[in-house]
Amino acid sequence: MIRKMICGAGVLGTSMFAATAAFAQEAAEAVAETVAEVAPAVAEATPAVANPGNNAWMMTSTILVLLMILPGLALFYGGLTRSKNMLSTMTQVGGAAALAMLIWVMWGYSMAFGPITSEGFIGNFVSSGSLFLSSVTPDTTAATFSDEVISEYVFVSFQMTFAAITAALVLGATVERMKFSAAMLFTAIWLTIVYFPIAHMVWAGGGLLFKMGALDFAGGTVVHINAGVSALVLAMILGKRKGYPTEPMPPHSMVMTMIGTGMLWVGWFGFNAGSELEADGIAGLAMINTFVATAAGAFSWMLMERLAGHKASALGFCSGVIAGLVAVTPAAGNSGPFGAIVLGVLASIVAYFAVSKLKNKLGYDDALDVFGIHGIAGIVGALGTAIVYQPQFGGPGDGSTAMGAQLTTQIVAVAVAVAWAGVGTAVIAYIVKAVTGLRVTPEVELEGLDIGEHGERAYN
Amino acid sequence: MIRKMICGAGVLGTSMFAATAAFAQEAAEAVAETVAEVAPAVAEATPAVANPGNNAWMMTSTILVLLMILPGLALFYGGLTRSKNMLSTMTQVGGAAALAMLIWVMWGYSMAFGPITSEGFIGNFVSSGSLFLSSVTPDTTAATFSDEVISEYVFVSFQMTFAAITAALVLGATVERMKFSAAMLFTAIWLTIVYFPIAHMVWAGGGLLFKMGALDFAGGTVVHINAGVSALVLAMILGKRKGYPTEPMPPHSMVMTMIGTGMLWVGWFGFNAGSELEADGIAGLAMINTFVATAAGAFSWMLMERLAGHKASALGFCSGVIAGLVAVTPAAGNSGPFGAIVLGVLASIVAYFAVSKLKNKLGYDDALDVFGIHGIAGIVGALGTAIVYQPQFGGPGDGSTAMGAQLTTQIVAVAVAVAWAGVGTAVIAYIVKAVTGLRVTPEVELEGLDIGEHGERAYN
Amino acid sequence: MIRKMICGAGVLGTSMFAATAAFAQEAAEAVAETVAEVAPAVAEATPAVANPGNNAWMMTSTILVLLMILPGLALFYGGLTRSKNMLSTMTQVGGAAALAMLIWVMWGYSMAFGPITSEGFIGNFVSSGSLFLSSVTPDTTAATFSDEVISEYVFVSFQMTFAAITAALVLGATVERMKFSAAMLFTAIWLTIVYFPIAHMVWAGGGLLFKMGALDFAGGTVVHINAGVSALVLAMILGKRKGYPTEPMPPHSMVMTMIGTGMLWVGWFGFNAGSELEADGIAGLAMINTFVATAAGAFSWMLMERLAGHKASALGFCSGVIAGLVAVTPAAGNSGPFGAIVLGVLASIVAYFAVSKLKNKLGYDDALDVFGIHGIAGIVGALGTAIVYQPQFGGPGDGSTAMGAQLTTQIVAVAVAVAWAGVGTAVIAYIVKAVTGLRVTPEVELEGLDIGEHGERAYN
Amino acid sequence: MKFIIAIIKPFKLDEVREALTAIGVAGMTVSEVKGFGRQKGQTEIYRGAEYSTNMLPKVKIEIAVSDEIAAQVVETIKETGSTDSIGDGKIFVFDLASATRIRTGETGDTAL
Amino acid sequence: MKFIIAIIKPFKLDEVREALTAIGVAGMTVSEVKGFGRQKGQTEIYRGAEYSTNMLPKVKIEIAVSDEIAAQVVETIKETGSTDSIGDGKIFVFDLASATRIRTGETGDTAL
Amino acid sequence: MKFIIAIIKPFKLDEVREALTAIGVAGMTVSEVKGFGRQKGQTEIYRGAEYSTNMLPKVKIEIAVSDEIAAQVVETIKETGSTDSIGDGKIFVFDLASATRIRTGETGDTAL
């Protein structure tokens, strides 16, 4: 969103200021301090110190996103696989997330949100200046969209969880056959050449799509379209599971999938309402939208099942929940509640067709429908945001940008993300194939990756 | 609680004020703004802007209540059913909650907490003026019990989750035999003619019981007594499960029930401490009470089992936890820690008898003891609150209302809720029976609702 | 940490002040009040009223620690046992926690953080003056490490959860054979003569180790070393499980263990970042450290498995996660991110050897490796904190205390904790043995404690 | 002696067992099995992928009996196990060469 | 009549079942079992404790058939169930004294 | 050849299996079953509802053996499987018409 501009810039600007201001304060007496706290506010209209309320909210949000990954996503994905691959699925999700955390503090944050963004061409795609978080201290802060700031370590942590869950999401398409080692190597390279640049393009001050004014409140493009497309490409290069689609592969535990669904929904509020970076009314708007779009998505999917002559299923409920959550992600703070409901309904319907019809037609094996749900619903959400953002549809937009213009911007942003993720993933997949190989042996696939790759059984 | 009066009024008053104030601010410069923030506080003793700390806490609380429903309640209930009905139980919980969210934003909030409360008779039971949240914007606020405010969207979301969980609670009595379609239709009507009016009566400024000064900090009456009684009536009209009570129906997974119990306890802090609407000392009091009353309830139930000559069981622990949580709900901020412990003990003991003795005597099939635990413990809590509230018993009350008077008020409040819920539910049950029918076919009941209603199995 | 000094003192000091200040305020008008809120800040540099942001964060943190216990720890432990002991394990965890809560409000808080700390010898080990929380009201506050305060009830709740989880942790070593009654009796005495004194020694103003300047940000010594050593001693006195080690006892559900691991990680942020008592930049530092140390620990353990010629396992991932979390606990706010990573790696490697080699050599039956992971990694963390705290290693320390000196202090602190916990536990174990007996009968052990002790089965 | 294997519908188990106890069958061994036969199962659908499991949950009862009551046992199972609908199951009878009670070492009819 | 018990590798079940249906076997009863034999299992390791489970998951198929097709059934199972690797399993054939269809009371071959 | 079915207490399985291996039994098939007999089970109580499951968890072992060692196998199971308490279980012996090893097609004793 436009206001992001302030952010990108703010991170740098304020950090500097904060650092010095912080030292000053330590020297100062309590009294002086109290004054000091007011002073800059008046003088700079940018308090140097994070409001504990905003910090509290952002830390809570960060933790909620971790909840989405582990146990959330691990269970959602794991329950859909066959029991012989349960632990492998959960471990790949956990491993990808853990790896992303380490990479993030080493070079990820610097590449995506580093203080230095070159004016030139390159600045459109990456930033720099904070390798190993060199520019971050407990006193540095990151700007929000208003005049507030939050502690930079909190901002770093929050953004870190986004990288972590996106990396984990991709692996849902390749479960039950991809090597753990391959998954880890893929994750490391993919974050570096696909995720960090896309995050920078969309969210950082100098980012290409950001400067274009693309709307992506909480990561519809950066997280879901990106993960969905990458998952599809990787799954196609990896190949189908042995026996797919002839052999039945029902979810081994819909219960685990439902638990995971619940946790994903719960955690998604950190994802969506947290992306406001403040505990204000817009965060409240993002919250209500994340409730109703999801509820609408859940029922829409079940309804489609009925219309297709089947029974409304529990998995349908879960799938609709995810589709709704994905669709409302870019629109969370960019839509009114009823715009959000419409998005949830549409995304759920389109994703339903993608998953139950398109997929079978095209015959690729996106095992857990990462593309079918995250990719498709993500695109519906990204484009739809241009519409629901408009005041005439109850959106918070001020109407300064015409709907048509905004829609074009959104389409371009989606196209760039799709292309970047698709090409990048293809390249990486072949690199990994050359280095570690992508697939487990047929015997291991048959026996299950739990025993074959990890030497354990999920249930004894 | 008395202080609620300010609230009800506040919601309206402040919203108005906030709206204008907000516009003013946007025009103003940063400096002016800073002043503006202090000014109204002095002038109105009602800051127009929500403190991020309180917003943060209330958003967290809202999320916690969702955690109680999905996965919490879905697991707690599901684990107690037979495996062939696991998904059906979880889906009904999730479906009822999702439906409640959609209805809430359409007409629920308006009926319960709408800005307009007619002076006349009708105002005692419902409000109006915010269909489709027409009166809510990111800048409107809701008053707390002090001079603070929180963003109205946050208040809307928080209260929404209460409606959602209450609707889901009811369905615990009717699992393993009620149609999904019937459950959804029932939920829609029940929220409209039972829940919203009761919530308004107890919590809204102009509400009948509210004006009487009934104490219900976090929903002992609105949520638990209401759900318990409705569940009992619905279960009786629906009839027993085939084979009950002769055929053994042990919980298919006490593990799921224990996970659910843990999540319910965790989430209940959003329910109880969140009901203070602020992150202040009273919220802290509500928190400690929600710890100790629960712990006391858990041991009391296990003790009763021992006294009855049985083994202290894990389900006893869980049941006691729930009984304790229910009992402390109306008393959370209205009692001292030791008053809370006493409530937990009493509620647990009484509920134990209701569930293991009374139920078998009367022979109704309240499958998951919604009445036995939520209804009964809720009543114990509602009445007990009149006592533990008193300063002489370490309660926060100022003694202005004599214990006897308060007790009478509580009794009346309970009586009204019981009558309203009972009659309302009976009427709705027959309507639903006429429209969709209430029960699944005997074959489906035999085979299980998972496969029969949803075409899936919980475990493959 | 040194800053704790202010805390201990603060709790007392401020409570007093706050109480009076609070009354004053109630009398005052809104306007006066507003002023009052600023006044003391200027006058005392200690606001009498808790910032809602900090209260919000601390309540959230408190809830997160409960999540660690139930369902977190109950699942983590339960999944590692055999299915016939699942409920017994979960119930002992829940029971110990619930019991700790009741004891805490009765005499625990008073012993550990009571307002009165005698100047004499005894003051080094316990405080007093708040039996039954007599000194606590919704208006009293506890000081943080800065000039802020939080509501004392929140502080009481937060610290309560630490006592609860520590008591529960110990019982991981004795599962599958220890009586429920014995576990409860042990917990009650152990908290009183082992936990409360150690907590006081390390964290309270007048505490022995505290005065020495021992660093323990979030409980590496108080919680993990303490629990680990106590667990080892108790397990040795209790004796091995029938059939251990000859008979295979694989985890009955690695899935439950992984869910538990995820919840422990999620909740640990309340534990570590919460221990800052404020939502500030240091809390942010503690948060990022709790992410990266854990991620590093997870991979280190899996790597050790590979180096040992085995497969990298899911349980290895989980064990590494816990080892990393434990190690970073004392260092959370006392280290830079890369110091934290190093600690995570080291702790994970050492714990790996302790669990997979040392244990078999010594042949004791610490069933769930409480000593091997919590004890060992806790010691690594406690000592390592002396190093990573130093500025030259990117730590937040100001270098005022030389590394050597700090290391000595840490060693002494660890030694005291180990001795106190070891001796205390031994004494208690024999007392409990005399009163209730420690072990279930061989028949019950054979049949499983679920049916034998609780009359239930985990899965029907 | 005869060894009888009966495949029945799960919910019929209690009824059958009681009937058998009534006619003096002292013991039996029960296991959960999946049955394939004329009775067709429900189709499960997960995200558009249909699985028509014609493998239905059944219960297998194994009973060793003396030759005298064998016929009566078969008869009893047939009556109590029947719902007159497809999928009720089968009863198979085998000759049992010998039976031993582990605890006592008794053999033959007395071991049952 | 004959009663055939076959122990096969789990993933072979569908293949075998289809082949049997093709040659006119109307029904069968399947159960999950653990097999102990020449085939050695994977070793599982949990925190350094090794468990080499030589108990491997297998599937047991029970089929009652008329004497005529018994040989053919055995042959079919042998062919479709084989992977030419250790652990493929066994086929055991018994004489079946009598068979009854619970629903109809039919006995003998017609009951199958 | 003989086919032996033994019902034993679960925790006795390893012991019995080792003893059998010792006397040269190359393989066996094991399954979890519920046993109904003289031994009475624990009562479970859930919220006041009592369930006295007289269905107890048992383990069923199936072994095909050559006629020579059949008696010895029965003897071994009887000894190692016994705890001298009610519920130890039974051993049933059948005549086995034929046995085939799927992998090789071998039949008779060599197939075992």
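Note that the chains are named A, B, C, D, E and F in the order they appear, and that numbering of residues resets to 1 at the start of each chain.
The rule is simple: contacts are C-beta pairs under 8 Å (C-beta built on N, C-alpha and C of every residue); 3 or more make two chains touch, one makes a residue touch a chain.
Quick caveat, the model's predicted, so the values are computed rather than measured.
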- Can you name the chains that touch chain A as well as chain D? B, E
- Query: Per the centroid of Cα atoms for each chain, what is the distance between chain D and chain E, given in Å?
  - Reply: 18
- dist(centroid_CA(chain B), centroid_CA(chain E)) in Å evaluates to 54
- Message: I'd like to verify one number: the distance from the centre of chain C to the centre of chain F, where each centre is the average of its C-alpha atoms, in whole angstrom.
- Response: 48
- Item | Multi-chain contact residues (two or more partners), chain C | 51-54, 56-57, 60, 250-251, 259, 310-311, 313, 315, 455-457
- Query: Among the residues of chain F, which ones contact at least 2 other chains?
  - Reply: 31, 44-46, 94-95
- Task: Write out all the pairs of touching chains, ordered by chain label.
- Result: A-B, A-C, A-D, A-E, B-C, B-D, B-F, C-E, C-F, D-E, D-F, E-F
- Query: Across the complex, what residues on chain A touch chain B?
  - Reply: 41-42, 45, 51-54, 56-57, 60, 64, 147-148, 250-255, 258-259, 261-263, 265-266, 269-270, 273, 278-285, 287-288, 291-292, 294-296, 298-299, 302, 310-315, 317, 321, 337-338, 341, 396
- Item | Complex interface listing, chain B residues touching chain D | 247, 446-447, 451-452, 455-457
- Note on the structure: Within the complex, chain A is touched by chain E residues 11, 14, 42-46
- Note on the structure: Per the touch rule, the chain E residues reaching chain F in their complex are 2, 5-8, 31-38, 55, 58, 60, 74, 77-78, 81-95
- Message: So in the complex, the part of chain F that touches chain B is made up of which residues?
- Response: 44-49, 51, 53
